[in-house]
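Presented sequentially are two complexes of chain A, the first with chain B as partner and the second with chain C.
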Partner chain A sequence: MAIFNIFIVSKSGGLIYHYDQANAPMQEVEKTFGFPLDIKLKREGSRVVVAFGQRDGIRLGHSLLSVNGVPLTSGTELQDGRDAFEVIEAKENYPLALKFGRPKATTNEKIVLASMFYPLFALAVQLSPELGSSGIQELETDTFKLHCMQTLTGVKFLVVCDPKQAGVDQLLDKLYELYADFALKNPFYSLEMPIRADLFDQNLQIAIEQIERTGFI
Partner chain B sequence: MARLGGRGNLDPKKVSGELFSLTYGALVAQILKDYENVDDVNKQLEKMGYNIGIRMVEDFLCRTSSGKCHDFRDTADKIQLAFKLFLNLSPTVTSWSSTSDEFSLIFDTNPVAEFVELPDHCYNLRYANILAGAIRGALEMVHIEVACWFVQDTLKGDNVTELRIKFLRRIEDSVPPGDD
Partner chain C sequence: MTIFNLWLFDEKGNLIYYREWNRKKNTSMERNEEAKLLYGMLFSIKSFVNKLSPADMKDGFLSYKTSKYRLNYYETPTGVKLVMNTDTTVTHPIVRDLLKSVYGQIYVEYAVKNPMYVLGQPIESELFGVKLDDLVRASPLFKA
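Take a look at the complex of A and B:
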């Protein structure tokens, strides 16, 4: 059981805090390929992504992380300045060791995701057949469950965790308490701004470890 | 701001009420020195209270897990509860207006002025004005706009300290969806 991510979204919809599982398993696969390449790659946004041909642990949607041990930096460019597509397409470069893995969301992407949840939440309220809907509290898939708690003042706490994780409601209450104590009581913290406080991080870490171990706080 | 009535409580999270009163006294005295004009001091205290209120309300909500107020009488009860929680005081709620949008909190003494005598030149000083600001700030965060002022003060020779709270309007534009 695990807590994957935690987001705190301010009442105006901005991401003010995010936490990623510290020891998240990086599903990376490195494999040596001969020419021609038997999986299809495509450019998606600023990444090189597997479009078709799933095998040996390389799955659709994985993105290219390095070529012959040279990591991709920004977009399709390798660290040594060459373009990844050019390297892959040239026959003389083979055999090639390509490393694939699940891309980690960048901070910018997280901000986008968090602010995307905001209208979704409002939409759920609008769609409700009954008056006085609370908005989305839980969102479940087969690989994770998202729990959301909105306070009366409009701050949202989101916890993404294992579907079987117990005691998430307690964790949400605890998060609120930590926010009230370590963010708001810090005189140098201004409302609606990102929370950068070591004390908050430390106490959050303790709470997460406890809930992952025992299922309650 | 947790306040302790008596002495000798060992709960590390609580602090002596006297320490709190003294700290507040030092603050008021310093502001008075900085501004000289009593009206400015009143304004400044209210503003500081407001800034405390908009943060403190979260502390109150997560500790009491109380729900939304649907009427001003609920609000009055919650304010009373907050005074109990933060200052260990139990003010009386009275003098409701006929439209139920205005009430008074009555304190037997001035809650933060145990050791205070107002000098003559600060007769207009609203010593505990930080409380009025805190109430206004806290309620604003839960979308209720109020006006809050002192009508009587034991520091000025009245029998009781009376804080009047008037409901102005619901703040609609910033109500987050999903909690109506």
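Take a look at the complex of A and C:
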């Protein structure tokens, strides 16, 4: 059981706080390939992604992290200035050691994700078959569960955790309490701005550790 | 326990069937407009969930719950999407079984195996409607 992520979204949809699981396991696989490559790679946004051919722990959607130990910097460019696709397509470079892994969301992507939830939340109200429905409270997938609590003032607390994690509702209440105590009562905090308060971080960390260990606060 | 309504989309996002049982709130929207809105939301949820997931997913998005209803989602490898709204006391795995039988026993049997049915077009077969109604009403989830 684990808490993977926590997001706090202001009433206008901006991300004002996020927490990542500190010791999140990195799923990385390195393998040596001969020519021609038996997996299909494609460019997707600023990443090189596996498009076809799952094998040996390399899965669809994994992105290329390094070629022969040289990490990819931005986009398809290697740290030594060469283009990843040119290296992969040239026969004389083989055998090649390629490292793949599940891409981690960058801070920018997290901001995008947080603001993406806003319309989903609103649409769930619109598409309700019954009157007076709230927005999304729980969203379930096979790998995680997202819990959402919206306060009366419109601030949303999102907790992404293991599907079997217990006591998340208590954690959401605790988060609201911490937000009220350490963000709102802080004279240096201006509304709608990112929360930077050590006391908030510390107390949140304690709450997360307790919920992961015991399942209640 | 209640089943509110059922939406069926094909792989391109066309609404091919809609049926409602105990729907209490009706929007002023046209059915097709509402279907587009729903499909758009599901599409966004899928990409949202994919980016947020800490590990590789198998089934992906399963369901979401609000204070009044639960939306249950089932997508086949061919891209046919089934969406069923139920009340919140129902858990997802039970509805998923029902959706699987709607797909296997109704859609495949009375739409795909019907030579008069053109794939991707709205299903107008009366037999399909009757069989679907029977299956859903026979389910323990259904109580008007």
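Everything that follows uses one rule, which is that the second predicted complex is superposed on the first by the 217 of 217 C-alpha atoms of A that agree within 3 Å, B and C clash if a C-alpha of one lies under 4 Å from a C-alpha of the other, contacts with A are read in each partner's own complex, and residues count from 1 in each chain.
Definition applied: contacts are C-beta pairs under 8 Å (C-beta built on N, C-alpha and C of every residue); 3 or more make two chains touch, one makes a residue touch a chain.
What you are looking at is a predicted structure, and each value in this text was computed from that prediction instead of being measured.
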Partners on chain A (chain B, chain C) - clash or fit:
fit
For A:Thr143, is the partner it touches chain B (first), chain C (second), both, or none of the two (neither)?
second
Which partner, once the models are overlaid, touches more of chain A's residues, chain C or chain B?
C
Per the contact definition in the header, classify A:Gly135: touching chain B only (first), chain C only (second), both, or neither.
both
May I ask you to decide whether A:Leu191 touches chain B, chain C, both, or neither, giving the answer as first, second, both or neither?
first
In the superposed arrangement, which partner chain does A:Ala124 touch: chain B (first), chain C (second), both, or neither?
both
Please work out whether A:Glu109 is in contact with chain B alone, chain C alone, both, or neither, and reply first, second, both or neither.
second
Touching partner for A:Tyr19 - first (chain B), second (chain C), both, neither:
neither
Please indicate which partner A:Asp181 is in contact with in the superposed arrangement: first for chain B, second for chain C, both, or neither.
first
Thinking of the overlay built on chain A, is A:Gly154 touched by chain B (first), by chain C (second), by both, or by neither?
first
With both complexes placed on chain A, how many Å separate the closest C-alpha atoms of chain B and chain C?
9
Mind sorting out which residues of chain A both chain B and chain C touch, each in its own complex?
124-126, 131-135
In the complex, chain B touches chain A at residues 54-59, 61-63, 65, 67-68, 141-142, 174-180
Chain A contact footprint on chain C (complex, rising order):
4-5, 20, 22-25, 27, 34, 37-38, 40-41, 44-45, 48-69, 71, 85, 92
List of chain A residues in touch with chain B within their complex:
11, 121-122, 124-126, 131-135, 150-155, 173, 176-177, 179-181, 184-185, 191
So, in the complex, the side of chain A touching chain C is made of residues 4-5, 21, 24, 27, 59, 61-62, 102, 105, 109, 113, 116-117, 119-120, 123-144, 146, 160
